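Scroll down for the structure; my scribbles are underneath it.
By letter and in written order, the chains are A, B, C, D and E; residue numbering begins at 1 in each of them.
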């Protein structure tokens, strides 16, 4: 998933310097993200993870999410949580496509957030989705 | 949902200065709220979110809520959590009405909280609801 | 529920100064409690809440509890969590009685905790309940 | 349960000074434990609780545990969580026995932890249980 | 499980100094890990635990994980969570093998993380598993 993101960054924001950090599992992401911010001076972090189908995998993803939100609050820095769950598609091809789509869209979100806090305002409430086609806004 | 809130603010509290911050998803709200308080000097925050019907969406809303409460405790500042869940109504029209009603009432709550900690006391235990008609107090 | 507590306080501890703070919902309690402690110099806080029957209401109560415990740890101050759940009684009269009993007993608990950390020791393990008649100790 | 612990302490570690703190319920334990550490200079804390059978009781125990772990992290001090759940035995006699066994064993654990971080190493992976007979190690 | 790790460390990284800390249960791991980092100057921690099959055991593991992630964030230090769940294998032999495999692989992960944040990058997204054979990457 990181390679999709790196591809987008090199194309859309070639001046951004990238720091990569690979951890053994989901639950190791929060401290790695915090170290990227505090020790490697990253302005924003993309955290990639793939959750298997066992209940324990969903639990791990939940724990990682809670820790990532805490890391964001401790550093006042965005950490985009780019997780794919194995039950989101019927086969590996489908999962691959979701992972690619979600990685690319969240990388573009990260670039937008770094520019201005209102950069994504035109898309608010428009049913934007990462990993799937957009759903569109709710009818009145 | 933010547009309903902005409408109320412009009418009921025209002197209030509004800062808007749009994030990709639910779980990005806590750090954005904290940044609004600490970097943009906001006195109160309204956090809007719409949760889909998948179990993972409810999980996300839970994680966002936990993070928002933590952000409140770290800043001693109210962050009103204005979330709509897709299973709260039968169709999109119903969801739209809930979102509108909840946004407007919580914006009025925010204005009240900024004035005085007892401003809402007359309504305590009166079964006030945001998003739906009030339920009224419990019979003795 | 607050009015039951205020009644008890006026009768049993007339010298105590009361600060009241009303918030829109459950999840707003933690930051309000922390502000009462840090900005209004309260020595102890009673947090009242009424949870509806929807699953989301129980979730809210859980999130509020987690936040209140965190607020206690950040301030080294007791915050008694006086929550009533709508499924605790069959009708509104029953809920009213539970709310009254629980509010009164927890207010007395608060008065005891303010006096001495061993004040409640004679009642430890005695099956004391708030909102219901006591259950008594476990038989050997 | 505290009385079993006090009995063990008086016998096995007569020089230890005991501070007792009784709270109304489970969720009041974390802040009381933190106050014992920070205001009463306790080196270790034993937190006793008895959880009823309702789902809300298990929730309370979970919230208390999360708060106790947080209190430990904020103080770098062990707080042994000595909880008994009413579904652990068929009758009150059984619960009484579990409560006694668990209290005694955890008090001995507390004494060991105060002496040295390797004091319990000989028992690691040996299937030691508190409240029940030991299970023994896993066969290879 | 610690003995497998110590074996690997003595062989693969003989210059590393090992500090061991044994606690009574799962939920005591977070504070022990934090003390190892702050009081014993450990650069990385391996936390071993074995969860029984009762629902309460899974709850304990969840609480321990949340606390360990928090300890990591408070110290900017990795704590690898090496947990085995009794439902992961059909018999004790199977559990023993999982515990051994997971301990060894996570010890190697710890050694890699201490060297460089990109040390594990060649294995990212390759379906690496600890405790089981690797799953391999997702097909495109």
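The rule is short, and it goes like this: a residue touches a chain if its C-beta (ideal position, glycine included) is under 8 Å from a C-beta of that chain, and two chains touch if they have at least 3 such contacts.
All values reported here derive from a predicted model rather than from experimental measurement.
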Legend entry - Chains touching both subunit D and subunit E: none
Legend entry - Geometric centre distance via CA averages, subunit C-subunit A, whole Å: 40
Legend entry - subunit C-subunit D separation of Cα centroids, rounded to whole Å: 25
Inset, instruction - Could you check subunit C for residues that touch two or more other chains and list them? - result: 66, 70
Inset, instruction - Work through the pairs of chains, note which ones touch, and then classify the graph as line, ring, star, complete or other. - result: ring
Inset, instruction - Report the order of chains around the ring; begin at subunit A and proceed in the direction of subunit E. - result: A, E, D, C, B
Legend entry - Residues on subunit A engaged by subunit B in the complex (per definition of touch): 58, 62, 65-66, 68-70, 72-73, 76-81, 85, 106, 109, 113, 117-121, 123-125, 128, 130, 138-140
Legend entry - Parts of subunit B lying in touch with subunit A, wherever the complex brings them together: 1-2, 19-25, 27-28, 30-32, 34-35, 38-39, 50, 56, 59-60, 63-64, 66-67, 70-71, 74, 92-93, 95-96, 99
